[in-house]
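Before any comments, here is the structure.
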Amino acid sequence: MQIEKQETGEFKPLIVAFCCNWCSYAGADLAGTSRLNYPANVKIIRVPCSCRVNPLFILRAFQRGADGVIINGCHPGDCHYSTGNYYARRRMALLFSMLEYLGIEKGRTRVEWVSAAEGQRFAQVMNEFVETIYHLGENKRLEDLRCKR
Amino acid sequence: MQAVEKAIKEKARALLADGTVDRVLGWEKGEYCYDNTPAVFTEEDIDRLVYNSFCGANLSKYLIAESKKEGRVLALLKPCDTYSFNQLIKEHRIDREKVYVLGVPCHGIADVEKLNVKGIKGIESIAEDGGRLTVQTMYGEKECELNDVLLERCLSCKGPEYMAADDTVEDPAPVELRKHDRFGMVEKLMQMTPDERFEFWRSELSKCIRCNACRNVCPACSCLKCVFDNDASGVSSKANVDTFEENMFHIIRAFHVAGRCTDCGECSRVCPQGIPLHLLNRKFIKDINENYGEYQAGADDSSPWPLVSYTQDDVEPGKMEGGKN
Amino acid sequence: MQRIGVFVCWCGSNIAATVDVAAVAEAVKNEPGVVLATDYQYMCSEVGQTKIQDAIKEHGLTGVVVCSCSPRMHEATFRKTAAAAGLNPYMVEIANIREQCSWIHKDKAEGTEKAIILAKAAIAKLNLNAPLTAGESPVVKRALVIGGGIAGIQTALDIADAGYEVDIVEKSPTIGGKMAQLDKTFPTLDCAACILTPKMVDAAQHEKIHLYTYSEVEKISGFVGNFTVDIRKKARNVKEDLCTGCGVCTEKCPSRKAKSEFNMGLNTRGAIYVPFAQAVPNIPVIDHEACIHYKTGKCGLCEKSCPSHAIDFEQQDEIITQQYGAIIAATGFNPISLENFDEFGYADNPDVVTSLEFERLMNAAGPTKGVLLRPSDGKHPKTLVFVQCVGSRDTTDCGKPYCSKICCMYTAKHAMLVREKYPDTEVYVFYIDVRTPGKNFDEFQRRAVEQYGVNYVKGMVGKVAEEDGVLKVQASDLISGTQMHIDADMVILAAAIEPDKSARPLATMLTASMDTNDFFTEAHPKLRPVESPTAGVFLSGVCQGPKDIPETVAQAGAAASKVIGLLAKDKLTCNPCVAGSNELLCNGCSACQNVCPYGAIEYVEKEINDHGVRETRRVAQVNEAVCQGCGACTVTCPSGAMDLKGFTNQQIMAEVDAICR
Amino acid sequence: MSMRQDTLIPKIGVITDIRKDTPDVKTFRAVAPEGGVVFQHMPGQCAMLSIPGVGEAMFSITSSPTNTEYMEFSIKKCGCLTDWLHQMDVGQQITIRGPYGNAFPVETELKGKDLLFIAGGIGLAPLRSVINYVRHYRENYGKIDIVYGSRSKDDLVDFDEIRNEWANTEGVNVYLTIDREQEGWDGHVGFVPNYVKELGFSTDKTALVCGPPIMIKFVLGALSELGFDKKQVYTTMELRMKCGVGKCGRCNIGSKYVCKDGPVFRCDELEELPDEY
Amino acid sequence: MQKIAMDRISEFYSAMAAERALYLPLKKRGAVNFGRWQEGADVDIDALHTVKSPKDLFFPQSEDIVAFKMKGKEIEIDAPDTPDEPFAVFGVRACDARAMEVLDRVFLSEPVDTYYRARRENGVVITLACTAPEETCFCSVFGIDPAQPGGDVSTWLSGGFLYLKAVTEKGEAFLAGLTPLEEANDAEIEPAVRALEETMERLPLKDLDLTGIDGNATEKLFGSEQWAELSRACLGCGTCTYICPTCQCYDIRDFDTGKEIRRYRCWDSCMYSDFTRMAHGNPRKSQVERFRQRFMHKLVYFPANNDGMYSCVGCGRCVAKCPISMNIVKVAKALGAEARK
């Protein structure tokens, strides 16, 4: 049942999506309730707020073979904790810029603000992101080769 | 600098004598003319204190431990060291009351590695006259300009002002501030293609031996226990077991000091493999300056740093001006 | 190592149609810690829940993973289920295989594969869960309202009516606030005093309300349910218990130079004074600045004349310390200073007045007894020019970027009242936009134009200059595109309003957040508009943002109801998923404190034993009753000393690992 | 495929029995997958036990080499790995490598001697191996005295074995003590060092001491008061160990490696080492 | 003795690389380290010292020792194959060659470390005599002669030629297979050897006196009050340890790849604060103790266990690279007087 890239020869990107509990996780639920399709490659991790996402988590995901990481939070100004996503925005803006500086493809990381009402948008964002990663191909620059063995 | 050294010793003696301080944190003469070691002196051994163009070590980090001890310490800080000092004050790491800061003028610190690269090896002695170095080596006498062998950080000198000082030593012959494009190399890298950048950093970071010198010398990396040493953090590691970890360690280290790094350049100075680690820090500094407003860590001792602040209309992640793709 | 039971729900066919539930259970049974993996049609049904409970007892489970619908749906259900079987409710994790799996994927193989990964991630996380206990903290059944304007009064009354003790702290000698200074109120034009003063009396007489007037909050510590507040009760130099409010002293006082605050400095008052006749409490206070006794040591007329010997020149400030369960900020507003608006000549011309000054000039209890006379020469003004948006919606340094919201309406009111009382006057109103969204508001403003013949001119006044007792007003009419020159007798400026200056230091004491304009920030701008993000702190009135009286009263009531909801509880159950600091790792750098939106983090000096090394260190401590569990602190902490229970670094990393296997 | 051999590569041990000795000590019985002991050892030697991914740590082998059916380890719960071990069920596999370090000189110096065992708390674990060894070869040794103490009666490890087997062995005297009075305890109350002094053993014995560092310190004092020479006293040490073979550089005290030159030291040898433990 | 002209040196490299994997000093972004040779590699045999010593080739900074697959309650052990690739390392200086003897003492003593042994057996060490020692060099203090660098094959640079001479049978066999070499006379390297001897006389540290600092000095030196001052500025980093050709402390750690647990060992440093930390305490609580451990080990404990052999070879790497310029020379000088008292 495991995704075996070698087996099929076809590239199936692995996407880790961090969703804040209050907006985007609910948005993802709404996408589900509305039966809106997006690829199964996306696996969601629930966090209380986008500001809970540590850069270490993102790098860890890449290390372990994720091909893309997306962080979803409440729209700026709508954070359940009022300021969390503002901090997340600064942290991620700087982190992504640094990754780009190190020559890591820009498209592999993304932040999207998705509200609880935006099920449609959640599905759309995921579809787009998977598409982007599909075009970028396998993550080779941040992975840990030991995890491949 | 000899005049400055003399003035430092005089001030130190006076402050020790009148009980203002009970010890002095400075540099001690080494085995050669260039390997001065940070040291703590008292009245008895203050003669061993040295001050010249090889006193590179930023002493501010030692004050974390020194200010925990009894009594008051006289700390010799070069202008750029005072930024680190301030940042540590801001983070409540140094007990300001227990430190007497003596600002000491600096004309730039010479980099022995750069002398070696110039073919000046087997150094026996170095005479300093104004900006000129006369080096006696095992293989003959060599000469060079101090300006040609300065540490990377001194090329982008922050200037002769002290951000914190209880007293200062006058500079008898101030030198002109060097003009250098601090972010030139960062920009050059951003002009490269991602592949070229990736290759650049791979070839640099693959040299890393995880000796932690960059971390342990860094005044901003002053955690009691680093995440990379903490087994419970899930990312601890003693060695770069794979290419990824070489990246990860340095990305996270740069991220953790982002907004707090004063660009003191100690990381690059101490790296045994000569990795230009300051280029990581400067990338963050450049991004912060351009997107969140000019910010110099350590210019004051109280303002919240950029990563613990925000504005409602900050730039969106991925939208910072990057390089060509 | 945990002993984990995994329960895969079919949700009828909702899950089972696209996910092979049996295969999921089979695939996870060898995961670390798993001792049991099974599936059932409806885990949330009574039978399903019983299955879980039986398994907990039978297999000695230390944790439960339910693969089912969204945790937003049934996490609480399954936590209760587990708790009933003796398991800590926080040892339950949900793998969302319905909303985020079966409902969005069509291919069964694909859905099953994903469900297995989601289940494994939940198991990996659960392996690192620790039992959490929700802490409890007692609630002091007393509320503190800071500010005694209409907002504060209304909030206090509502809370007191529900049976709780309320203290009002008001810095001026009387409650009543800005509303007491108003003449009529829009859009109904009823008299402000007539509707306000009864409320002031109600508050004073309410057995549950205690007024601290002429008092200020000096120190606040503690947290929701249990604040400790120091209140400085400034010396009035009049003994409250003896004073009968007869007013003899105020009449006898020979000092007459102090400007009346109540009348906006348009007339004077004595050194011992009551701000206005209906003041509550009706007890005078001595203004040391103006008092001859304090300046020269002589006089003492008031003392001699007081029939009840209530004057006490020696009286000192008093500090009152009191516990509160909730604090309501109702600090109100002030018009901004117009000193910097040179173009209107406010500082130089007494006949250029602010709208609030104009209120006093129109008020029967005002300096002119309600007759409109211009301040410079006491003559009847014939031509009046009203200027709106003075300092509002102004992005220069002099003004405020926001709309002050009330000016359009009160200007219309003023214009209308002037035209009604003095039909011979010519009234101009200069405006940028007229904003009248509110019940009967637009009708009101239209009446001013249509019935009362007020000249509304879209445009801004460029300059007001006095020339031979006439105010030369230069303005542009944006609609006709012409320059206007009006010889006015009075110019009335609708000054922007700003939060009272006491709000900022109060916010600091409360660790409540403020926006850049010093208005208090709400916990959520839409859903929690009367609460501060700091638990136990509530917002009433203009301190939260510009608003008119009805809105203020509505918000005051809303804040009161939130407070009542809090005070009705004997104990507060804290969210156990809060941050916690590992003191061995804490550097004491304050980064976490900087990003905490709730002021939940404190630093203490503490002796630490770090693997045998003992030293005093500055370490962070989280107040679990205040922390809401956002996790901002955890990421800002470089050493990882700060972690979030229920979402620890290790747990999230374990989920990442499980997903990326 | 032939299995690569290196001392760092462990073997598999299967847990066949778990006994809860005290609230925080469990004794685990392990056998090789094909049955029998995982490897031979001598009393006092240690083994590295590990759960891959959780941790690896050194534990003394508490079973006697005379038992060829299984090995036993008494383990106190005090960290990540031990927590894990305490949670496991019978049938779980763990990895074991060893034996490491020296042993008590049961076949040389101790032979024919009267032996005095002094243990506190979990410190009985390494001595239990010796005690059962000398009980097995009873004829090779003289009189045996065992002083064992703990915080409370619930903290006495292997209590049943002590009471039912050791105390009933010919020529073996067992003296038990607990730190504080406790209901249901009619034995001696008091700290081990004081009890040793009270019992006043004659100095012709050889003492084997193990327990918490503070207890060892005071027992050594007590023995010296009684007139014991340092050459008559053995103890066993615990330091952070990684490799077990004296190469990784972690457990040395001066020029000695605890994992290789120890863990058993005669107290006069110990005295020569720099004070760094 | 054989020789090859320096302008044909790359022929020599390809010839060696054809036989077995060839490692030699390569320059990468300013730093010279041993690296695997391939056509066009930036070889720098003039560099006196590589940053990392050739120790890395025999005792790699990190290496997998075993792997485990966890299946429910069962554990499957998967031992890696013995490293068996034959290789040659060229450009090893006399000091680093001696360092291997030091490491041999540790890893080849019982119980033998089979990982190290395999690499040692598979590797041919081709040393290179120094031409321009620097002020940080003090190998002669340990009786090392940089003109006779040892290894399996010794080489010398002189007059535009590289001279080679097999020292061991392994070396001889290796040389025998290399075609581009010409025969040479031993006397041809004489000028180079003499020049080196003269330079050695000028080294400032050549008279470093270690008298009294030996395996018997524990008692005298362990309690010295100088340790506190000497270690005061120490950052507790691992630079000295990791660039040292003889430091051999290691750590064993597990890495969960998601598919299996890989157990690997990696260099560790006794200078690190957590080196000896245990759950309940740390026998070396402060940097003074850790600092002392490192130097006592090199100068006292190691000689005590190894017939007086110091585990320092005077390569001078730590002298040049310590971020705060505190090093074994300063320590030895400070303690020497005390030891000789």
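The chains carry the letters A, B, C, D and E, assigned in the order they are written, with residues numbered from 1 in each.
Note that in this section contacts are C-beta pairs under 8 Å (C-beta built on N, C-alpha and C of every residue); 3 or more make two chains touch, one makes a residue touch a chain.
Which chain is which protein? Per UniProt: A = Hydrogenase iron-sulfur subunit; B, E = 4Fe-4S dicluster domain-containing protein.
Here the structure is a predicted model, which means the values were calculated and not measured.
Here the chain-to-chain distance from chain B to chain D, counted in touching steps, is 2. For the pair chain A and chain D, chains touching both partners: C, E.
Shared contact partners of chain C and chain D, listed by label: E.
Centroid distances from chain E, each centroid being the mean of CA atoms, peak for C. Relative to chain D, the chain whose mean Cα position lies farthest away is C.
Note: centroid distance chain C to chain E, computed from Cα atoms, is 68 Å.
One finds 45 Å separating the Cα centroids of chain A and chain E. If each chain is reduced to the centroid of its CA atoms, chain B and chain E end up 30 Å from each other. Among the residues of chain E, those in touch with two or more other chains are 70, 251, 255-256, 258-259, 268, 277-278, 280. In chain A, the residues that reach two or more other chains under the touch definition are 55-56, 60, 64-65, 77, 83, 87, 91, 144, 146-147. Within chain B, contacts with two or more other chains are made by residues 225, 227, 233-235, 241, 307-309.
All chain pairs that count as touching, in label order, are A-B, A-C, A-E, B-C, B-E, C-D, C-E, D-E.
Residues 70-72, 256, 258-259, 277-278, 280-282, 285-286 of chain E touch chain C in their complex. Contact residues of chain A toward chain C in the complex are 1-3, 14, 16, 21, 25-26, 28-29, 31-33, 35-38, 40, 43-49, 51-57, 60-61, 64-66, 77-78, 80-84, 87, 91, 123, 147. Every residue of chain C that touches chain D in the complex is listed here, in rising order: 1-3.
Those residues of chain B whose C-beta lies close enough to touch chain C in the complex are 68, 91-93, 222-227, 230, 232-235, 256-257, 304, 307-309. Those residues of chain A whose C-beta lies close enough to touch chain B in the complex are 55-56, 59-60, 62-63, 71, 76-77, 83, 86-87, 89-106, 109-111, 141-146.
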